[in-house]
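Each of the next two complexes has chain A plus one other chain: chain B in the first, chain C in the second.
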Partner chain A sequence: MSIDIRRKGGVGESVRRVDGVPKVRGEFEYASDLRRDGMLHGATLRSPHPHARIVSIDIAAAIAAPGVRAVLTHADVPGKKTFGLDVQDQPVLAIDVVRYAGEPVAIVAAEDPELARAALKQIDVNYEVLTPVTDMERALEPNSPSVHPQGNIVRTLQVVHGDPNASADVWVEGSYETGMQDQAPLGPEAGLAVPAADGGVELFIATQWLHADLEQLAPCLGLPAEKVRLHLSGVGGAFGAREDVSMQIHACLLALRTGRPVKMSYGRQESFYGHVHRHPSRVWMRHGARRDGTLVNVQARLLVDGGAYTSTSPAVIGNATTFAAGPYEVANARLEGTAVFTNNPPCGAMRGFGAVQACFAYEAQMDKLAMALGLDPLELRLKNAVKTGSVLPTGQPIIGAAPVRECLLRLQDLPLPAEEPPLDRDPMLLPGGAGNVGHGEALKRGVGVAVGYKNLAYSEGFDDSSEAWVRVSVDREGPMAEVKTAAVDVGQGIDTIVAQIVRTELGIDRVLIRQPDTSIGSAGSSSASRQTMMTGGAVQLACQAVRAEIDAQGGMPELRRPVEATRVFHHRPTGKLDANGQGDPHVSFAFGAARAVVEVDTDLGLVRVVQLAVAQDVGRALNPQSVMGQIEGGSAQGLGLALMEEVALVDGQVKNASFTDYLLPTILDMPPVVCELVEEPEPGLPYGAKGVGEPSTVVVPAAVVAALRHATGRELRRAPVKPDDLVGL
Partner chain B sequence: MDVFLPRSLEEALAMKAERPEAVPLAGGTDLMVELNFGRLRPPAIIDLTRAAELATHRQEDGHVFLGAGVTYAAIVNELPGFKPLVQASRSVGSPQIRHRGTVGGNLGTASPAGDALPVLAAYDAEVVLRSQARGERSMPWHAFLMGPKKTAIAPDELIVGARWARIRGPGSFSKIGTRNAMVIAVAGLCLVIDEDHRRVNVALGSVGPTIIRATPAEEQISSAMASSGAWQDPSTAVSEQVIDEFAELVASAARPLDDVRGTAAYRRHGCRVLARRSLAWALSERRLPTWL
Partner chain C sequence: MGAQRAKVADVVVRTRVNGEWREAEVWPGASLLAFLREQLGLFGSKNACEQGECGSCSVWLDGALVCSCLVLAAQANDREVRTVEGLTDAGRLHPVQEAFVEAGAVQCGFCTPGFVVAVADLLEKDASPSPATVREALSGNICRCTGYAKILDAVNLAAARLLERT
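Moving on, here comes the complex of A and B:
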């Protein structure tokens, strides 16, 4: 499949999304829609226990079950038995021990999904249940059960800046927690593996990063990389959930074993077990300031629960720790962060990636500090905000754009939404919404502001480049540009942006975007707000090379044979942190500020968010409508974390693995978002455009909870805030 | 799995008589969820959506009959005079669910969180059942709802609908959930004032194994209104102390548990707040009747 784009529209225009109409009409092919003649269906047997030894697995009855073509356990993994993005510590199928409830133990391929699921019940696994550790603080205790032989610490780091013992006139202290959030992409994990004539395999897959999947798949399958070919299928959202491998290796193993195409497609319930979640956090902070409001010292200890395997925990805690002082100038700091293993489901990437948990804590602290100093919370932030040239606690100077003050001032200038008398309103527009619980009784309004920041692209020395191929030819219809990259459109709109860049660089309306696969070099992940910068940069370089060649041939009208070029874009190099957390870890930053206006039914602890306003540092909006879509969606996910979204765990067991009880905001919960785009081009990035996917998710939870504190006067240390917390039960 | 598509209630009853293990399907908004989760794999399904008789409602000699197949959307559009029922129906799910889901299905599932059920309980409704062999019978709602997801229906019977004596007086339904729409109730309350019998009926959902009538609270408020003369004269104020006592009695009628949707303490607290509010709304509406 490839997308032919004939609309006009270059960089800076709100060009219509190339996938918009097919998605709205139900014609877009998602990975769960994949099918092939003669395909089998795979299913996964998962551990019911958070921690157990596998005494034995008996697959005899399952193999003999009707329609079953293969039943595989770890013994059938031909190559490397483990995978992982950073450290390969996660078994393809559990070996001797299971470390979380939901861990894959065996897989089945059968003639239809129902038979495959029925066969799972025929697999007899004998477990010896072990004591799990399911609390992140307990995991640090010397007598805690060990999740892995090396102990329970995934990574611990500190950032020591200036004199951490520096004194201050006023101190405020607090402890904060955030829960485990699910990315809840609307398309659950799915893919189709097709055995190839050369003994290899073709995998059609919804992922965020084809090449990272490939790097993990080939060794496990015992195949050279060129025999494992990945093709992007339609992705129904990701938000970090598709960074780690889910069913990819399983589907390939079953296809190679049976010699038939194998589809695996999770349902919603399995999806909750099939991907990593946002790290729950516990954070302690102490902020010291001068009487005039100058921040002088920030002390922070952050603990995050990485669950059973490493995944991206090292980078998440790296982010949380290096950002723990917020986008503020502070001369002295000691920031300590630790990610631990527990027998909870693994945690990894989710929109905001460590920056969310840190912002929730440091912004609560800034409000406390403003209160202690008798200053306006916004003034306190303006006074301490970083700017270009400021030095961060890691010693890294901000060399690019840092319009933090501008973001805050834009919010300050926005009028507050008018207060509507409750009795004149549709009761639907009161806290409790469709439940008809009140007519405006005990209604209090609150306003909260938060500012925060997030790194763009990968950090700490990682070179996440992107490659693009561009070809220009002329036929009877005139000139046409073809583009190929391995960049994944997870729904954020990279395909549309690529077409806009090609039109701008080459002046050609007709752009054909080829379907991404692993026959071209890596584009890196569609995560970390990086794809427009990185693949956009590669496409721009390739277009410029093609343009130069066309000019050398005497211009487009003279073009006799197609001209093509392949180029790779690298961001500027970053470096690792030293033992004191000093270094140059991050490429670039995006800042954002949010204001939330809420109404609370203070008798019932129910909430209506009246308005969210987000002012975001975007560098330059290449497609303003797409940028606003990202801000709105990121805000909705932030609101979800503040008010309702949490994977409920009891003793390592997920209690709400479905949308019945894992609540996402509905349209009655999500207010209109006022978007203020702050455009200050970032040097060194194509068109000066910064990544835009994450800052709203970073700041909105903190802003919503600040508004709830303002409305109720309660401390509210934990997100999601429960009605009990707002009522004081 | 066999799927039967009867064209009338009579045909459906015949099929149910022949295949008592067959599971009826109305809107499917509960049943299909059970199927999807793999919690239910019935040998046969009888789809009732073509049985037009079930989708009717009528009022006759002071009684109301609501067919089992009437959807929430139909209630909202066609029965505006039954405010608590409309409010409960409007609180169910999303537009899609309200267009498919039926009161018969709510009764069939018999979940303590079924939003139509506190309303039927506050109306003192009867559930009307029918079989081919024995014809029609009815029983009070509390006899039908035997426990969480347990009803008194016989294997060869179908629910035909619910029937209640029309009540003159104000009332309302409220539901607390942790999201502003499409949420399973953490606590639900229906309060109805019956002017003719000088009673206040209060039913609670989601705070016990089944729907609960707060009888001590009903008796307290009904007699307090009698002794203060509030029944004869709606402008007579009901004291704060009486309202507090009423709210407290409603809260103590609840038998809530802690679960992933809410704590027992919050559920009880919610009942107290809703009791207070719904009584206050009803009393002020009595002063300016819009229900006549």
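Moving on, here comes the complex of A and C:
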């Protein structure tokens, strides 16, 4: 059977989003827009202390407050008292101890949101304040207070490759830091829980992974899984922030207790406490090379702050450590990674997931090495870049496409943007824009390059499969295909890709995408750049099964009864790492390279990013417009980490939990992004398409800061780079 | 449901919304955004920051572009409000809306109603804005998904289409 991949609306085309029209009309229903007649509103009381013992909680006044229908504490959690993606160590509501400022202690349901919030103030919690650990290095000291009884180490691992004592002609060494970044999806955490007649609950929710939520919810609610039914609501962005449970369990508890629908929707401030963040990191590295630039030894020690609970820290530090040598061939390495508990807010998934922090450090090292060797930074990277067949420090060979050189060469071929004279320029085009009180006298330009990589799908033995159901029927309008999966469109466009795949495989224009829920098998998470390959793969398999059946029945025109099929797509199995970090941990990789051109006003410490260029290994672009949208959006988040975004913590307290104080890149901060799609199909993946969401976020921070170093000659060890780091040259 | 309101009495707000007079009782501290969403069921205007920082809640108040999260519902009494729901003409998409879909300027879409309103406002005032004007006009709208490139494409596309029409 041949596939006409040029079919209208099929794969390879920049098809319009299936949800585009309702979104531009303002009709698309997000979780924060949900309502039901007679619904109550939930609110959460959070700990003001980063570490304290709860001596007592008095809810009497709150229960008696106007409009209040329920006030719950940990004692009211009927089932398992804790939840978590990997390790269930996070209390649904704090039990005896609070471990971070913002930890949920009690929840309220009331007739309207104001009354619910007012009732929170009536809850009297008596805390005995304990000494918090708020520094990740301090957490490792023997006399540090323990966040959990087992100590402060979440996970520690090492990767030992070749002879880690191998000598080199030239060594460079450096220490690097990245701050805590917030995903800041525009849509707040929200959902609506509706009690069901069978004693169960229906939850309408904005999440990244319905089934992972379900797995955590049902035990806490004390209900069998089939009585907890999750339905996807509209998701206003995610970027990792919705990987962990936020208000899901709370809303269900309140609905089950009151027998009424309960809506919970966080405001922006609460959102900063309500989801995990990108791990802050401290990384030391030492790189050794031969005179000719051949990399021979990489030593790395990585430390990330996991905050108060486990969340996805084990996988994040796994990524950071296994990627610490970068996409380079190196015969010898010792890479050590540790994630610690502290009394800071929990950290977990954010776009780039450990690869960002590693790339920031190893690419700074590669520039240092180039400098020490007197080589061009791009040449040094080209010389050492991995390719198909290269063996990574874990011993894992790269079996798929690895067009790292191609990405770098594409950047090399791109002309640099013309230098604009600083004087008589539109003031908006000065660093800092209209806020620049100078006239461009102290402008310095810099160019930086970075290359990096990210694993696709889950690693270290995890089988994150995806299931799809496809049904074809014929009515008066002709054939129609219906598709159902549990895959979440967080904005990345998986629904549109699914429609394209169905059109390509079945030759049917009319495709109906059913709303995801937990009545079908898991699709895995909309994270790790995995949905196009995993759910795309499942849809392709189901379509092929349906197609075979249709052919057996004599073709579409003869079709009398609808034909349907359900299929599950698994990626190739991976394995755990041994004690020396050797194994086959990752499914596949996506590579990317970025070049940043910046201007720095060295009087004011202000930066203008003039241009970003990203060459990305995409396997094959199934929807080029949407691939570029991912690269551009991922670049913006990378620029944010490089220049402005950081959750400011003082003694465990978030000091900037608002969009006034936590700065996000605006349209004035974002330069044009030149996207170069490097298409080398990945064997074994549907249409050869790799995930595209993350590589730009991995490489852009490193490229921007490299450009700033080039412009200023400063070491700039830490991102985000602040104006103070740049002034006074 | 008899939720006894604490102390402050509600006020009655009467506003012409998208050409139609609407009236509802609200808490005196309620924002225009809350009034539109909770009282009138117009959920197109989004709530992402409640501080005037993101533009997701952009509407017109007597023809002027405002962040409806920063305006009290009571301030809209006896005045004219136009929201994203009022942009379509007999169900047909406004050229700015069309351009957003076509240019790929929509991802999660949470910022989209606010952007669409802000761009329509800009192009009503300046039919062929310079790139710097566009950036300046949209600097109060945050999009976390797109990196803004496709939004700029959409603005250019919509401007060209609107010019063609006139």
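The rule is short, and it goes like this: the second predicted complex is superposed on the first by the 717 of 729 C-alpha atoms of A that agree within 3 Å, B and C clash if a C-alpha of one lies under 4 Å from a C-alpha of the other, contacts with A are read in each partner's own complex, and residues count from 1 in each chain.
Definition applied: a residue touches a chain if its C-beta (ideal position, glycine included) is under 8 Å from a C-beta of that chain, and two chains touch if they have at least 3 such contacts.
Bear in mind that the values here come from a model prediction, so they are computed numbers and not experimental data.
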| item | value |
| --- | --- |
| Partner chain in contact with A:267 - chain B first, chain C second, else both or neither | both |
| Per-residue touch tally on chain A - higher for chain B or for chain C | C |
| Chain B versus chain C as contact partner of A:644, first or second or both or neither | first |
| Touching partner for A:635 - first (chain B), second (chain C), both, neither | second |
| Touched partner set for A:655, first chain B, second chain C, both or neither | first |
| Touched partner set for A:727, first chain B, second chain C, both or neither | first |
| Chain B versus chain C as contact partner of A:668, first or second or both or neither | both |
| Which of chain B and chain C A:439 touches, first, second, both or neither | first |
| A:603 touches, of chain B and chain C: first, second, both or neither? | first |
| Chain B and chain C footprints on chain A, overlapping residues | 267, 658, 660, 665-668 |
| Sites on chain C touched by chain A in the complex | 1, 3-6, 27, 37, 42-51, 53-54, 56, 83-85, 87-88, 93, 97-98, 100-102, 104, 106-113, 116, 132, 135-136, 138-152 |
| Chain A residues touching chain B - in the complex, by the definition given at the top | 117, 267, 269, 431-439, 441, 603-606, 608, 643-644, 648, 655-656, 658, 660-661, 663, 665-669, 722-724, 727, 729 |
| Residues of chain B touching chain A in the complex | 33, 36-38, 87, 90-91, 94, 172-186, 260-263, 265-266, 269-270, 273-274, 277, 281 |
| Footprint of chain C on chain A - complex, ascending | 14, 16-17, 19-21, 23-30, 32-33, 38, 66-67, 110-112, 114-115, 118, 183-188, 234-239, 267-268, 426, 428-429, 490-493, 625-626, 628-629, 632-637, 658-660, 664-668, 670, 672-673 |
